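Quick heads-up: structures coming right below.
Below, subunit A partners subunit B and then partners subunit C, in two separate complexes.
The block that comes next holds the complex of A and B.
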């Protein structure tokens, strides 16, 4: 069943278009990955869904309700949770208070229930031991965990993750990926959530998502299974246009230019492309996130 | 002994200044609004009391039971209907709007009550005192300091221990992120404004018992409030109380030298703090 639908959404700032007749559906409990070059409109897409930006045209429908005109606070209470790319904890409050506020205001819980929800979100994200520290004293990884804990504590039905992996090392990324899986499975006691996950570091997504879309200039240019999307000529073309790698190198290596940080991940993708029959062999476990090639050459 | 007396009177006076300052600190800490009408709101509260006491036959000392809630409600709606709209336009607009509010309040009071001095009659309490080892302790000053302590403690408790108070702090910290966890920031701004208006109304009542007020009294106490906030360190309620006490002591000590110097010394202290400790004597990042 469709949980979120964007219907021909357009948003412009002067001559800059961040969304151009963008249509998108997210099913309940789906995990959708979103990739795209810098400035493709990934974060704007989140702002449109979470209510920070109101679209000029088109409809945003959540759980059967048109939410175009709802503010982000109301959307949060309806069940849309969001994390920021650069974590924004309430620095002057403790970690626990950060999450408690989310449980009380976002999930509408009171008394004991709110405390329990807050604590379980901290446990899910491995922050329980830091509950009484001021949030401002946390390092980047813990801030990212807190960002996720706070979003989870609002008991979302849809969770928007904005570049969770940015700035983290591979093992740290794997940890956060494991948290997302755990939260999504419903094992933490809450209902399973749908996740839309924007990521620049593509290897964090591959192996985790069921479906991938690629954005460019505010439009969806590819939508489908991750390996198909990454192999799509249009997608490859878009990434060639960036200055991240020289065209010569990009042509030689294909779409894996998106993650030049990780030669192993690149290897993984080339491996998959070269052995097309290996697609289904890709392990969905967190361990496969660019740490080892899956398909044989 | 004169010095001991001046010191104690100054400390007691600090409570009054802290009551003035607490709301300024809240308004700025939570929504970055500098409310130039803050002092005039206090004076308006005093005038409301002057009207209500003969009407209701409630003793002047207890009139705060009516006036403070009325000003809290007024503060909430004043924020939602007036200041919030100007906030959406930008900081300069907010400054202009509160300045306009100040002018309007002063002139309405002038029109209705004339420019004559008014005060709340609290009978013999105004001059009653007892002395400990030669130090004079006026009942009224002790009452005002007590009221300030209770009010500050209540605000502090509200912000740190209650659900709504926590939300106010979250919104003060990061408005957008707070909205993402479901906080309606306009409502919470209203709550903060209600607290600010309630505490400054209490300050106005105390002031009109302590001395006289007229429609033009507001701005000078606005200045004392600012000075207390800056000396104490922005965003710290207890720092504000200490800032108020520093001001009070400067005032009474200065008066020992010369009454005019007593009016000036608090501002010299204020300037010295700005020059040498620009973040205040007791800096703290958080509100409350």
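The block that comes next holds the complex of A and C.
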């Protein structure tokens, strides 16, 4: 059964189109990976689903209800939980309080039930031992776990993960992947959830997702089994060179580096330009990107 | 440390979590509470033995405590940096005046001023909440100016020069000061207690989350706008109480005084000095401001220069104020609004703090 449906969604900022009659379906309990180069519209897609952006055209349907005009708080209460790429902890509150707000507001729990839900989310994400620490004292990996714990405590039916792997080392990424698997399986006592996972580091997704889509210039250019999508020539075009670069970079830079976006972005843009020159006939979207002046360089 | 280890730790205890203990207090909270009650009782008894000049000064301090507490609730928790709280000081004062002119006692008028201003704040919030950030700040200030210009149109209220509050002479000067002092004490204590109770409630958890990260709060399902409206209305009520006390203690209501932006400057200064985003901060800041004011009063213009320097120094080097410095050093918490959690049973893994 379809849980989330995007129906011909378009969103523009002036002349920049971040979603171009985008249509997408996510089934209940499915794990969908979303990849694409910088500026492909991944985060915008995410914001359209989570309610931070309202689409200009098209419909967003969740569990049979059109949610175009609902704010992010209301969508969360309906069952769309999200994490942010750069964690947004409530720094002066304790870890437990961070998650307790989510259980009370997002899941609508009260009193004892909210405490139990919050604590069980902390256990799922391995943060139980830090429950009484101020969230501001956590390191990056723990902050990412806290993002996930908070999202899980809202008892989502759909979980949106935004670049969870960004800034983490390989072993750390594996830990988070294990948490996602564990949370999805329903073994933690909660209902099973569908996951939409946007990731820049393609490697974190492969082997984890059932289905992968690739975005470029606000459109879906490939959709299917992960290995098929990654083998797709159109996908290889937009990613040319980058899927080899990224794992090595992630290891070399370690967990503290949060500003990886800019050098990677510059590299990807140059990769896109390169690709556009070579394959401009196949990939009109890449060509249009290539002709624009690139600010990142 | 690894996810595998944690998941292993969870599964055997699936569901059997009878030992989860969430506590909202701390050791010695009863003593602090008893001390607080004793302190308020002592303050209440003060007019019986202190000099009239001292009691008059304390009235001003208590007014400052009330309005600083309210401004902190607005700016420190829900990010509403209002520079127009004098709107409600003014409405509070004018409600007392109008009621007194129609035969209602000034102290009964105080209660009605609080309720009336809170009701006024609801439509006003629809207006100013359309804007945010600096635009919100300007809008609140404009609204207070509009209110001032509006009441100045009424000759029965004394126009631009204001009017005396009738009916206060029945008490006699000594008694009037005592009653005024108790009214000020009541408004200040109620302000602090209402903010404390609000923060301890379920909504309080939302307010604290909004203080730390508004976007994050929204993303976990908190209806931030509704929370802001509650705080805005509460702050209106508190400031109106203070305004009513100002009207009674100065014996007359002048539009240029009660609608003066100076009041907002006072609250802002007290909150920044004491520590924004805490219950204790504004109270301490109000006392600090008051003491500075008394000490420096004889130096005329230097008084403002020193105050300005103190404010700048605090903003640069101690952004969490006096209370922020004290609380982190001494691990102090007078008002228990937080949550502590631990597992109590045969489980070896206890969730203690580090």
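Just so we're on the same page, the second predicted complex is superposed on the first by the 240 of 297 C-alpha atoms of A that agree within 3 Å, B and C clash if a C-alpha of one lies under 4 Å from a C-alpha of the other, contacts with A are read in each partner's own complex, and residues count from 1 in each chain.
Note that in this section a residue touches a chain if its C-beta (ideal position, glycine included) is under 8 Å from a C-beta of that chain, and two chains touch if they have at least 3 such contacts.
The structure displayed is predicted, hence computed values, not measured ones.
Superposition model on subunit A: subunit B and subunit C are shown in a clashing arrangement.
In the superposed model, A:42 lies in contact with neither subunit B nor subunit C. Put simply, more of the residues of subunit A are touched by C, taking subunit B and subunit C as the two choices.
Once the two complexes are laid over each other on the shared chain, residue contacts for A:120 go to subunit C alone; subunit B is not touched.
Residue contacts after overlaying the shared chain place A:176 against subunit C, while subunit B stays out of touching range. Once the two complexes are laid over each other on the shared chain, residue contacts for A:106 go to subunit B and to subunit C alike. Residue contacts after overlaying the shared chain place A:157 against neither subunit B nor subunit C. Of the two partner chains placed by the overlay, neither subunit B nor subunit C lies in contact with A:200. In the superposition on chain A, A:128 makes contact with subunit C only, not with subunit B.
Subunit A residues 50, 71-74, 76-77, 81-82, 84, 88-93, 97-98, 100-102, 104-108, 110, 150-151, 153-154 lie at the interface with subunit B in one structure and with subunit C in the other.
The residues of subunit A lying in touch with subunit B in their complex are 50-52, 71-74, 76-77, 81-82, 84, 88-93, 97-98, 100-102, 104-108, 110, 114, 136, 150-151, 153-154. Listing the residues of subunit B that touch subunit A in their complex gives 163, 166-167, 169-170, 173-174, 176-185, 285-287. Of all residues in subunit A, those touching subunit C in their complex are 50, 71-74, 76-77, 81-82, 84, 88-94, 96-98, 100-102, 104-108, 110, 112, 115-116, 119-120, 123-126, 128-133, 150-151, 153-154, 174-176, 178-179, 182, 187-189.
The residues of subunit C lying in touch with subunit A in their complex are 1-7, 9-11, 14-15, 17, 20, 22, 202, 205-206, 208-209, 211-213, 215-224, 277, 338-342, 349, 351-354.
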